[in-house]
Every structure is written in structure tokens, then in C-alpha cells.
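In this document, chain identifiers A, B, C and D correspond to the written order of the chains, with residue numbering beginning at 1 in each.
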Amino acid sequence: MLILTTGGTIDKIYFDAKSEYEIGEPTITHIFQEVGATLPHEIISLMRKDSLEINDEDRALIRKNCVECQASQILITHGTDTMCETAAALQDIQGKTIVLTGALAPARFKITDAVFNVGTAIGAAQSKPPGVYIAMNGQIFEAGTVRKNREAGKFERI
Amino acid sequence: MLILTTGGTIDKIYFDAKSEYEIGEPTITHIFQEVGATLPHEIISLMRKDSLEINDEDRALIRKNCVECQASQILITHGTDTMCETAAALQDIQGKTIVLTGALAPARFKITDAVFNVGTAIGAAQSKPPGVYIAMNGQIFEAGTVRKNREAGKFERI
Amino acid sequence: MLILTTGGTIDKIYFDAKSEYEIGEPTITHIFQEVGATLPHEIISLMRKDSLEINDEDRALIRKNCVECQASQILITHGTDTMCETAAALQDIQGKTIVLTGALAPARFKITDAVFNVGTAIGAAQSKPPGVYIAMNGQIFEAGTVRKNREAGKFERI
Amino acid sequence: MLILTTGGTIDKIYFDAKSEYEIGEPTITHIFQEVGATLPHEIISLMRKDSLEINDEDRALIRKNCVECQASQILITHGTDTMCETAAALQDIQGKTIVLTGALAPARFKITDAVFNVGTAIGAAQSKPPGVYIAMNGQIFEAGTVRKNREAGKFERI
């Protein structure tokens, strides 16, 4: 499995001196160690961006990595605000199962959906037929059928 | 999705006075709340047993619940020591995707694989074709192809 | 014991929509419940400010509350950046043991000094003779003898 | 400060294969690292016992270490069931501030009083006049004036 990390809340850390969040090292490496995951995988950190800052050039880079890699199962960690847009930009890639996930609360928080969401995405990426999916709130949505409901703080079917 | 809980390390709690673990309420209810899971589901607590104590009668009860329910996606939380035996006992059920999972460290621990494993199982149960699977260590194994390696503390393909 | 809360990193929370921290409810109430503290106490939330924003008027309010309360043991939670200045502003209050503490990482983080620091301050407030103290990094400093070393991320004797 | 560890719930770990707790490495080393404690200290692990198994010989060893060390501030981590008995056995030591603490839930649990209690004890050990004290439930009790209320799960004044 290929894992592409792009930043987002899941990887956010906190610097006291500046009293603001910044995006740190991919947390997924730490998650895999802590839970004893034995799944063979490669992690590539493509960028460290809040998803509101991810632009067309970034999406082209993500797409290029998905298309050119040898893996047929791909997990992408991504900020939640534009996760659906990035999923749409990958939607016509053939022959690969691509699952995007992220978190509404940073993995470094005591209460976070990060570990659960990565688990859900890992499970789906090994199980779904080729296509592009979003794994959030314990559900597997097909790209193009889902949006983030900001007020409710959850993803839902369109 | 139907969720059957049977006990095991994932649900273990600790009573100070007796200095030993006992199996408590299904932790999956708490996990779902904490991560904001919106997946429609029903939870049935069938038993609260260490998996070394699960016998043929218990397995018959688990099987009966899988066969007679209306759900086509079933998640079973189970102790790890005999998870593979229970999976084998369900293997010939037709038309349902059944995923077993559990944990090597209790969900109440700071460091635990419980939340991740439940996530993986939830992802697989919504994605795999009908069959019986075990979701542990970030992998989805087909029933009959997997064993617990006690010394290494992980599940592996036979 | 009287507990005055003023904000600071210890009480910081995170709002996804705005991608920035804000200061929430005093976390000390939650800490006391979680650890089973039985110490009789009253909590007054005076303000919710980053300590860089605490001004002379705020310090006058904190001082007024210390002087006019009936308690002889007072704990103040406070941002770390100007904790030493606030301690200095209280230094000549007679007949009361006043201990300031806070945290370098929010109490809502998995890894935080918040719970430990509140414990240290609670221990000192019940034990020290009248005076003004800062409890940080497991040490009890007298007001006027301590500064925050921002680069090292710790408090140290001047 | 001298820190003597004797075992107890605070240091309990869990071995899956045996489905029972055992007492592990002193957790206080880990706590100090995680919270950034800068207090100069030495840790001696005297024994790893459930406090119901601590006998007169063990108490003589603890006492000998308290009497013969050069430190004037001593922290002892101890199981809660006989913490009061050990405190009583040290009560006539002169010129030293000795504080005992422990935990009702293991430090490895998500919800635990371990970190808070160690903080309280550290604060008291640096602040109290010579004597023997127990720091539990956010309170500092003098040896001989306190008992564990097993049913209520807390320490209380006799």
C-alpha cells in the first residue's frame, strides 16, 4: 500500500511561542507503530498544508503520484475542508483503490478521530474494488457522493 | 451493520480491590461516540468472556445471530486467543460479510490497538464481498488463512 | 482552597472551522473529576485570556480576588508567558499562600504537563508558608526568583 | 529529592498471555520525561510489589533508605492498600520530609490519578516541614491521621 500525506488537521501540532497550529510530521507513522500494524506500506509526505491551501498544482502532484506508483492500493491523508475536491480530481484514475481520510481533531489530542479514521481507510483500501473513496465518520463514501457538513462537523451523502 | 460483542481484552477493565481484570461493557459504544461515527448500526452484547472460555455453545449462539439477523454486514468483537477458531465456525455462512476484530491491549489503556482495529474492521465490513474475515494489525485476513502468533504478539498468515 | 482561572495554554481548545486555538472552559474542573480530587475548593473563572493579553487592570482584578477572599490557600491557573509578572504583582499580599501554575501544552493534548502541574501546585498551596509561588516543571519557585526560558521551554531560577 | 519506588497499582502493566497484571518499571521516570520536570532527583527502585505483599522486612528496607540517604526530601511511590501502614512505620524519622503517594488506576490507563498524585506529592515534598505525609485525592494527609476507604475508592481523614 502507498500512503501519501498532504497535511491537514490530522497532522497539526502546536507551538506555544506562537500560539498557533502548524502542520508537523505525518502522524500516520506514529499511529502504525503504536497499534502494531504489520501491513507492508510506503509513506510519501507530499506536502504539509491546511487543505484550504491545496491548489490545482498540488492536486496534479497527488494525481501524478497515484498514477505513476506501482501500488494498487493507495491511502491519502488530507485536510477535511477540501478533501472532497481532491477526491473528485482523482476520480477517473483506473485500476486503483484510492481512499482519502483525515481528522476533525488532531491526532495529538486526547480525544481524536484520527486513529479510527486511518483504521477505517486502511480497511477499505484493502477491500474495495478500484475507485476513489472517502473514509470519514466510520463510513466509506464514493467520491462525488459526499460533502463535509461544517456546522454539524461530519461528512454526509449529497 | 450488526455489531456482536463477546468480551475479550478489548473490553477488559480493572478492579483495584481484586487486582485483576474483568470484562466490562462493550467499549465499542464509547469508541463510536468519541470518534463521531455516523454509521447506522445495532450493538448486541452476546457474552462477556475471555476468548479462552468461549465454547461450542457460545459459538453456536454467535452463528445463530449472524444467520438470523437481517444485516448483511456484521462486525464481531472477540478475544484474540480463539478468534481464529470462531471465524472458522462461521466460515460457511452465505451472503454476509462478517469481520472479527479485537485488541491486544485493552481500549482503556493509553496505548492500545483497540480503536484502530475497530476502524479497520468497520472499513472492511462495508467493503469486502461476502465471506468471513479477521481484521488485526492493520490487515484483513480471510478466515482459515490466519493464526495468532502469541510470542510475537501479532496475527499472521498461515 | 480558592482557585482562580485566567485562561492560558492550559485551557486552550481548538476550533476546526477557524483553524486556531481559543481558550475554553477551565480545564481544572475536568481534571479534578478525573483524578478523584476530594479537596474542598471553589473555582472562579476570572477571564479567558492568552497571558500576553493580560493587562494591569486584569492583574488588579486577580489581586482584588486574592485579597478579599476568605481562603488562605489560593491556586491561580495562568498563561506561562506573563505568569512571572502576575506573580510579582501579588507578591506583597500578606497571610496567604498563593501558587500560580499553567501548562506548556494544552490539557486536551495526549502529552501535556497540565495535570502534573496542577497537582504540583495543589500540593504546594497546602504546604508552603504564606507567600507567592510558581509551580512549573515539577519545581516550586518563589515569585521574583524565576523566569520563563522560551527557547528551552521551561521555567528556571534567575 | 530521593524517590523510592516499591510497586503498587501505579506501576502495574498487563500481560495478555497471562491475562493478569504485573508490576513493571517505575512509571515515574516516564512521567517526569513527559511533563518536562527539571527537579534534580535520584530514583531507586526498591521492590516491585503489590502493597498487600509488603512485609516488615520490606518496610525496614524502605526505612533504612530514608534514614541513610543524604536527601532531606523523599518521595515514595507505593500501593494504596497498605500505604498508611508504611507511613506509620516511618513516622518517627527526624529532619526529613517524606511523602508517600500511589494511584487507584495504573499510570498506563487513559484515565488515571497517577500523574496528578505524583505532582501533588512532588509539590508537598518540597514545601512541607519535616514529617511523614500521604498525598492522595489532591490532599496532603499527615501519617497516622488517614485511612483508605476501599468502598468509596478514596483516602480520608480518620
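Here, contacts are C-beta pairs under 8 Å (C-beta built on N, C-alpha and C of every residue); 3 or more make two chains touch, one makes a residue touch a chain.
Because the structure is a prediction, the values reported are computed rather than measured.
With steps allowed only between chains in touch, the distance from chain A over to chain D comes to 2.
Seen from the C-alpha centroid of chain D, the farthest chain centroid is that of A.
With centres set at the average Cα position, the gap from chain C to chain D is 25 Å. In this assembly, the C-alpha centroid of chain A lies 38 Å from the C-alpha centroid of chain C. Centre-to-centre separation of chain B and chain C, using mean CA positions: 44 Å.
Residue numbers of chain D whose C-beta contacts span two or more other chains: 104, 110-111, 153. Touching pairs of chains, sorted by label, consist of A-B, A-C, B-D, C-D. On the chain C side of its complex with chain A, the touching residues are 9, 14, 16-17, 19-21, 50, 52, 80, 104-106, 108-111, 150, 153. Residue ranges of chain D in contact with chain C, taken from their complex: 31-32, 34-39, 104, 111-113, 115-128, 135, 137-140, 153-156.
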